[in-house]
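There are structures below to look over.
Look at the two complexes coming up: subunit A is in both, with subunit B in one and subunit C in the other.
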Partner chain A sequence: MSTARALLICCLGCILCAQAAVAKRQVVLVASATSPLHDLDSLELRKIYLGFTVKRDGKTVKGLRNTGDKDLNRIFLQAVVAMSEKSYSRRLLSLTLRQGIPRPSEYNNAGQLLEALSSDPYSVTYMWKDAADRSADVKALRVLWQQD
Partner chain B sequence: MAARLNTLAAHAILIGLAIHTVLLPILFYSLLYIVKQSHEELFVNDVRKYSRFIADVFEMDGAVSNEMQSVRLLDSAVLGSDGVYAELIEGDRWLRSGLLADYPADHYKEDFAFGQHGDRIYFLSIPLDIPGRQLLLRMGFDEQVTIEQVKTARQRLTVVLFLYLLISIIALVLMSTRMTRPLRALQHASRNIAMGQHHDHLQVDSQITEIRELATDLESMRAELVGVNASLLEEIAEREMMDNRRKVLEGKLRQVQKLETVGVLAGGIAHEFNNILVPIFLYTEQAMHDLPAESPVHAQLERVLKSSNRAKSLVQQILTFSHQSGNPEHEPVDVKPIVEEALELLRALIPSTVELHQELAADDCMVLADRNQIHQLVMNLCGNAYQALDETGGSITVVLNRCAVDEQFCGEHPQLRVGGYLRLSIHDTGHGIDRSSLHRIFEPFYTTRAVGKGTGLGLSVVHGIAVSHSGDITVESEPGQGTTFHVYLPEIQPHRQAVPGHDQEPLDTP
Partner chain C sequence: MAIYNRKRISLVLALTALFNVPPARPDGQQELLLFLSAGPTYHQVAPDDGPEDYEFDLDADILYTYLNGRFRLLGEYLAATDEVELERFQLGWQTGKESIGWIGRFHSPGRYWNAIYHHGQFLQTSISRPFIEQFEDDGGVLPTHSTGLLFETAHQLEHTAAFQFAFSFGAAPIIDRNELKPFDPLDPGSSNRAAADMRLAYLPDQLEENQIGLSLHWSELEVDGNHTAEQQGLRRVEQASIGVYLDWRWQEWRFLSSLTPVINRMKRQAHNQTDSFLAGYFQAEYEFINQWTVFGRLEQTNNTSSSDYLELFPHAVTDRQMLGLRFDLARQHALSIEVSRAETPSDGDFEQYLLQWSAVFP
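Right, the complex of A and B next:
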């Protein structure tokens, strides 16, 4: 009986693992778990990552760039700011030089990124959904991209 | 061929070609990479922005609530760009643009870079931010257009670089030719100098400092070389002249020494002969005195005495030649009257076919001399001249003038000293003397006449007289042109200095 139960548990475990393996990857917009932010639409998100001011509760929402993952960066450029990498860099440079708009902070270390996110509840960033699910310090606001 | 390849111009061209061969492919591929990257980056940027714009339209206009509007919007998205695919997905449902028959939705693989997956379509999907719905906008754009643009750019780049290479080669050839032209000019001028054309100037028209300075240096060297060469030629000519003069002097010295040797020998013999003649004279005259005049022996003794007198005369001439003719009385005498007197005597002797001219200088042509010997000198020389004209006729010219003897003339005539001299010149228009005889005419007993027609002592005696008066005699003769004898006698004029140019003629060095 105990053997049958063990086999059943193993089978359920395998099924769950297989489901997890075939699950489509997603990139999600995240904020600190304590953040009052609930959602940001795609236009606001583009404004934030181009350095324009977007406010919630009278506070400026900051966008943090996650540059630690190459694929994540490519998805960000295509799905969020909808520009090529050079064009995005030129645009940021132009805005900085013309209007004094600061560039979004960049983090290539996940720990530092999460720390920065925790320190400011009005800051957002993007990461793989599974990474966001593993961290209790962040909450997903919306799906930015989903693998077909 | 190898010689042509080893020229500076060929080397410059080859170096230029080598550099281009290395650099042009690098330049080509670098430019091509930049062009390709630029086109691809532009394409990716455009399609992302365009897709985002379409997504914004869907999100803002609420078109998704109406299928017809959604399809129209998808059609518009395809038409407004190089789109080949536009689709709206929600769960299992989908809406597609129907403009493209060959729909590539089945091969959908999302791209994040140009050319990814090799399907020549750039696919991308954008989740639509519409509350309560999970819509996904998928779009595909044709990469072939950009690929063709890159190909065109590649072809243009190839043509441009080929033209650049062609122009570079032409420029290299022209520049290397232009740069080496002054060097070739320098080379040509240097060769001319090496071949002896030292007076060709090294003039190079070049803007290149090094070549200009090289030409200047070579020109300086050429000028110096010309100077050195000229001075060397001058020195060589001077040495040749000195050498010739030395040879002439050596010849004359040998002649003088020979005449002196002959004179000493002949003088010695003449003395001994004179001693022999003395008893002959004494006893012949004693015998004639002892014999009656009508005696046949008396007549024979007279012949002996006559012959003895001739022998005495001969001995006297030999002694005169050898400067041993007793004690000639040297006293200041005017030469002109002596010459005139001798010529008067000569006029009576010479035939009418021979003309006698005289150009005698002013009076007071004083020399320290023996009057009789000067007379004999004139008679001997004129006699010789007359004999040279005996058969053909002609003229004899006697000139007496003053002259100044300088150092150069003294060098050629060791008996003379610098100062004023009387020059007695006797010129005849006779047959002249050949060159081989000219060197021997003052030797005693040397004669060109037939045997019995002269003793060969006349000119020897003249030479002896001239030398014994501290003078000299020279002869100039050309066969068929006549002969001129110049006798130099030192002039004595205590009140006049022997300064050339007074009424003295400068000497012509033979």
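Right, the complex of A and C next:
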């Protein structure tokens, strides 16, 4: 095999690997690794983040917001609640004002988010799949969004 | 008056300075919100005891909620240039997935506008409220506060459609010197009688806010110190209303409308008499470029001149044609301007100009 041909194969391999890595960019719904939660469909998840009561084993499931990453927040708004930031913010304020339901807690810091998640096994949040794979404290429940 | 207003403003600012978000507790969730609004109002006509020709309003509405398991607490305190009042104080117990019973002081569920906005001015697109939705101390002629029991529930239909139902029974306001005065748990009186409210709403999608609904209201309003009422020999008013309302969003549009016939049985010393009036409004809002909203409202009340009951509230704005513009200048701040032609039973037509900054923290 000539050197040029070997280089070409290497380049093609690198491109394919990079494309595979990009294709794997996903946002996943996660819970604490010790959580008994395993199934939450899109409607239930939307309800959780809109202040409705969703229960598992008699416990209310809480949604925690991961606000540390702008792209992640944009995907959450688009894929989970299907609202603009403005509409979602007003919807939550309105819920607090009308029914006294506090807004979902927001976390800018990944460490604090994981701590909050592990302190309540019936809480969920969302993160990049690679971040979830790196952490032994969380388990992925389902894929919320995948890059085309 | 100016010194009095300055003192009120100082109190509001002091309360604002004290505002601080408390730390969350692991066994429950809590939230503290501060709704602030401020701005001038100019009236073209200034009747002697009606609205002043120029007013500056500063309102600080502090809302605290605490939720732990099935238990819920909600408190709302308003400190403004013209009043300081405990607006709501409710203790709730969630009886089902979408049902909750409350005890305490609350906003009457029969008034839809109040049920969605309360004193959260930032969430309300317009600066002014429709006549039929006015709070008692702002010229309202229907009770908006009650103290007693409130029950709210929802019944899910197919997919995400749902019926929502709210019912309350509690103490009604009295007809005070120049306004309705709701029962105050911090200063309880003995002459308050009963009030009952009900609202039934149909939501095609429970996760959205579009809805149409029906509201019913009944109350007994005791006269206590109102000069006009005493001149009429009026002892008590038995009031009933049935209203329909709509709150609908379609693309960038939002429509809010209500039609409410009100029947008043005037119980006098000599003879009883019944009068009625019909109040309606239609508000349209159009949002463009995500930050700007243009809005307008038409309000009309008929039988204003023949209603003995409305005679007790001569400066209530019963008719209005209004246009306004709102600019959301930051995530939770907005600037609004409103121009309207308003009418009261005693003052006739006049123009009104309102400018307001509103915000919510945090």
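General observations
We adopt the following convention: the second predicted complex is superposed on the first by the 125 of 148 C-alpha atoms of A that agree within 3 Å, B and C clash if a C-alpha of one lies under 4 Å from a C-alpha of the other, contacts with A are read in each partner's own complex, and residues count from 1 in each chain.
Note that contacts are C-beta pairs under 8 Å (C-beta built on N, C-alpha and C of every residue); 3 or more make two chains touch, one makes a residue touch a chain.
A quick note: this is a predicted structure, and the numbers were derived from the prediction, not measured.
In the superposition on chain A, contact of A:S119 is made with subunit C only, not with subunit B.
Of the two partner chains placed by superposition, A:A132 touches none, neither subunit B nor subunit C.
Contacts of A:S84 after superposition on the shared chain: both subunit B and subunit C are touched. In the superposed model, A:I101 makes contact with subunit C only, not with subunit B. Shared-chain residue A:L50: touches subunit C; no touch with subunit B. Of the two partner chains, subunit C is the only one touched by A:L93; subunit B is not. Once chain A of one complex is fitted onto chain A of the other, the partner contacts of A:L37 are absent, as it touches neither subunit B nor subunit C. Looking at the shared chain after the overlay, A:V61 reaches neither subunit B nor subunit C.
Within subunit A, the residues touched by subunit B in the first complex and by subunit C in the second are 43, 46, 84-86. Taken in their complex, subunit C has these residues touching subunit A: 24, 26, 29-31, 33, 63, 65-67, 72-74, 90, 92, 94, 97-98, 100, 115-118, 120, 122-123, 152, 160, 206-207, 209, 290, 328, 331-332, 360. Those residues of subunit A that touch subunit C in the complex are listed here as 43, 46-47, 50, 52-53, 55, 84-86, 89-91, 93-94, 96-103, 105, 119. Residues of subunit B touching subunit A in their complex: 41-42, 44-45, 48-49, 51-52, 55-56, 59, 108, 110, 112-113, 124-127, 129, 136, 138.
Only residues 41-43, 46, 71, 74-75, 77-79, 82-87, 142-148 of subunit A touch subunit B when the two sit together in their complex.
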